[in-house]
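Listed below are the structures to be examined.
Each of the two complexes below includes chain A, the first together with chain B, the second together with chain C.
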Partner chain A sequence: MIEVNENKIAWHENMSVSELLKICKYSFPLIIVKVNGEFVARPEYETHLIADGSNVSVIHLMSGG
Partner chain B sequence: MENKYSIEEIKKAHKILKEFTYSPKSLSKGYSGETLYVNLSTNEIKIKQVTDQMKNIFIGGRGFGLWYLWNAVTGKTKWNDPENEIIISPGPICGITQYPGAGKSLVVSLSPTTGSVMDSNVGGYFGPYLKFSGFDALEIQGKAEKDVVVFIDGDNGRVTIEEAPLEEVNSHIICEQLTELYAKDEADRMHVATVASGKAAEHSLIGHLNFSFYDKRRKGTRLKQAGRGGIGTVLRDKKVKGLIVRTSNIKGDTNNPADQALLNKTGIKLHKEIYRNDEKQCHMRTQGTAHLVEIMSDYDLLPVNNFKFGAHEKARQMASWVWQKKFTQGIPDGCWFGCTMACAKAVDGFEVKTGPYKGHKVIVDGPEYETVAGVGSCCGIFDPDAVIELNFYCDTYGVDTISFGTLTAFAMECFENKIITEKETGGLKLNFGNHEAALELLHMMARGEGFGKIAGMGVRKMKEYFVKNYGADAKFLQDIGMECKGLEYSQYVSKESLAQQGGYALTNKGPQHDEAWLIFMDMVNNHIPTFENKAEALHYFPLFRTWFGLNGLCKLPWNDVEPETNSKTDEPAKVPEHVQNYVDLFNGVTGKNIDKKELIRMSERVYNFQRVFNLKMGFGTREHDIPPYRSVGPVTSEEYESRKDRYDKQLKEKAGIDPAGLSTEEKVKKMREFREKQYQTLVDAVYKRRGWNERGIPKLETLKELSIDFEDVVNLVKSKI
Partner chain C sequence: MNKIDITGFNISNISQAEFEAEFYKRNPPGAFDILKKKTAAIAGAGGLGSNIAAMLVRSGVYNLIIADYDSVELSNLNRQQFFYNQLGVLKIDALKENLLKINPFITVTAVPVKITENNAALIFSKADILIEAFDRAEMKAMLIQAWCAAFPQKYIVAASGLAGIGRGSLIKSSVYGKLIICGDQISEADEKNGLIAPRVMITAALQANCAVELLLSGGIKI
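This part shows the complex of A and B:
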């Protein structure tokens, strides 16, 4: 289990940031991802693996009209 | 485009009612120091001086509009009284070409739908050209006897009021006609900008203004809308067919800024950022704001069937990539010179399928996100071509796509609940998803016929009409009618964000997202968990966004593109680097020396003044800040059941109520009690943060601290406390 924006999400082996974003349906482009407080750069979303028990912040910025 | 009359015939039929000459003043540090006043009842035209107090307290744009209107009307003035005004003011930064999004105008008037003061922002060239013709604002009062146009010739220092009997009223035609009529030749058309409305504005209360700009690549006029609050209806009530300004005084430094080099430097930085990042971020240059459609559905925020739901599997039929294909690509689509964000997308050569222009091929500006969601998903319509057709007709008939979408969705829900039937609608089968019926409703509105006229009154007045004439349940209509203060909601589902419920209902003019859009910050990020956190956000963001409207700026370049380093800043939601850009732009144009705190302070003065203006008009107190329950939570069992797991969990974890054993109706009731209490607590917190009393009235010390403790303001507030 991991925590994403204070919500519990089921964890599995080799879960990448990209995969997590898909699971959460976080399709908004202006986001900032931090895993256990450490910033993850966008080019690393595919390769950065999330460990079980991690605390993930997916900070959505604002956009639109 | 086929016209009934030739340009020569139209020109010949004009009769000059009044001619006024003036010496156009050069701008100095963003201001001309003069306002053009036109009275259509008396044909008086004069110049008013812009005082230092106006510049220091009200800045420009919306601030100037509020100040002029405050002095023009009493608390008893109605929107269709001759005393009501339409004020167009661009603001001191407006017209610079170095920084994206610097061509906006603000329009202020008393609204037909709210009865109080309305502001609406708009692109197009009219505002900057008005400035370059020597005016910080245009103030129109009175009512003409016959249809007129007002022409401002900035090149020759001449203003005329002219009878204009032969022009069309609908905007896609009249804006072309007036552009051709007042341009010296084809090359001069880009020096002409116009304002017009349309036939539906004459028969409804939701009329909007189209501000044109000539697109030399398309060889046609484009239309941007001052959409909210029915100001197009006011324009046609004054019998104005069009406003025209012409100037060839268009240079990068026409504002005569204090520090041109600072503007250049700040602008270049953002241009580069847009070129680097837009295709990785919001795709504004290829999709405009329509990039949001499928994203909003993913987050359960896209209004579906009158805001009952926030997502739909068919949303992808109207997704960003669909619009990208329909929009003509590779054309610099800025609605003002120098805007590299270029999000004013258009569908070219669209063949109209219904109504008076059936078979015509037209340019359709947009659709933007709000239009796709409003006339599309909110009405259960997911056909992109139907959305484009509704977009086209709303624009040319002069009605706001947001209000039209929300009121049509309301009528559809009433139809599905048998509150109204085909008997009342004149045969329209107003089921969700019936785009033919939605289009015919729009045509009926333009013809001033039957149910079109009733619907055109807007949601608030429709509710009253249905209760009075059809015996509808007033409480149910209050719950599902998505309006607050008389203005229809814009297109985001706010049920799961308490902060956004306040972001909509605690606005000055009514539920429009241009004050605050806090849903992600609140609902997704969980960054503002306490009432105090939410109140702070509902203090800062409405004020920050108000500032754009004081200065003639577009909001989009603030946060629809972001620097790579933004994620590492302390407050990424504010986009600190861009906030500094705006400080630099203001100082660069005006020569003043503000910082980011003073920026907020500037807005706070105007924002509080507008709240007091609402008081003057009989509103502006707590009871007017309460949203319809559809904006707060599930009204019906159908809505509750559609998100049962979410709501059951919330009842248990947030409200401390075990949902087991409760019927759906009981759960809806318990949820409502919980959420409505939460909302009231939020209101208390926001009022406290804003320096208002528990009834929502600005305290005298707040007015004094903000230096807006003018005698009439203080007397008014004292009389209301």
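This part shows the complex of A and C:
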């Protein structure tokens, strides 16, 4: 089990960031991903594996300033 | 201490030390001595950046690096710290002029360049902290990506979700490691919501508040 933006999500072996984003239907390009507080760069989404019990933040940025 | 005579006040008649002692007299004790030595970078000099810059100068941050390549337009004046006689002037030049009117002893490095993922780290490298103050979400995402990859040990204070009116209590600062996001994280600046001074300035103030706290103590207490 992992936590994504405070929601519980089932975890499985070799779960990558991009796989998680697909499961959670985060398809938009304006996101920042943090796994256990650590920033994950976009080129690493395919290869960065999420450990069981991780706390993931997916931040969707809104225009305005 | 002698009270400074403000009748016919002339900046050249008092020393920098006298000016600073009186200017920052009401600051929390010790804050100015620390903030004076700090450098804050602000990416964008619009609704967020122009207001944040003014607050940082009033707080005592003496070194600012501000990047923007736009000029002041009339439609900016509903929320940005510019004046109608500055229309058409580069925002960073107009902002520098306005900031130096608050305190003439600060240093403003004005960078009239479009920030990209390739130049962001270099332009802001000397900063103790970076404040994201762009308008467009894709620019915000680009800057956060670039900064977090280049300087994982340094803080970035970004804004997301500040459009529309009311709902002031929804605007908050959220901490994700070294990334702080100020805003409600839901209100998009579209044609329906629009952007208006109070909500933009609440968010700008929250960003400035986080920046001052980080510069003074190295962390954020929620």
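Annotations for the structure displayed:
One rule holds for everything that comes next: the second predicted complex is superposed on the first by the 62 of 65 C-alpha atoms of A that agree within 3 Å, B and C clash if a C-alpha of one lies under 4 Å from a C-alpha of the other, contacts with A are read in each partner's own complex, and residues count from 1 in each chain.
Here, a residue touches a chain if its C-beta (ideal position, glycine included) is under 8 Å from a C-beta of that chain, and two chains touch if they have at least 3 such contacts.
Please read all numbers here as calculations on a predicted model, not as lab measurements.
Of the two partner chains placed around the shared chain by superposition, chain B and chain C are both touched by A:Ile32.
Shared-chain residue A:Glu6: touches chain B; no touch with chain C. When both complexes are overlaid on chain A, the residue A:Asn14 reaches neither chain B nor chain C.
29-30, 32, 39, 42, 57, 59-65 are the residues of chain A that lie in the contact sets of both chain B and chain C, per the superposition on chain A. Within the complex formed with chain C, the residues of chain A that make contact are 29-32, 34, 37-39, 41-42, 57, 59-65. Only residues 280-283, 289, 292, 294-295, 298-299, 368-370, 490, 513-514, 517-518, 520-521, 524-527, 555, 559-560, 562, 566-568, 572-573, 575 of chain B touch chain A when the two sit together in their complex.
The residues of chain C lying in touch with chain A in their complex are 44, 46-49, 133-138, 140-141, 144-145, 148-149, 152, 158-163, 176-179, 181, 183, 185-190, 193, 195, 200. Note for the complex: chain A touches chain B at residues 5-6, 25-30, 32, 39, 42, 57-65.
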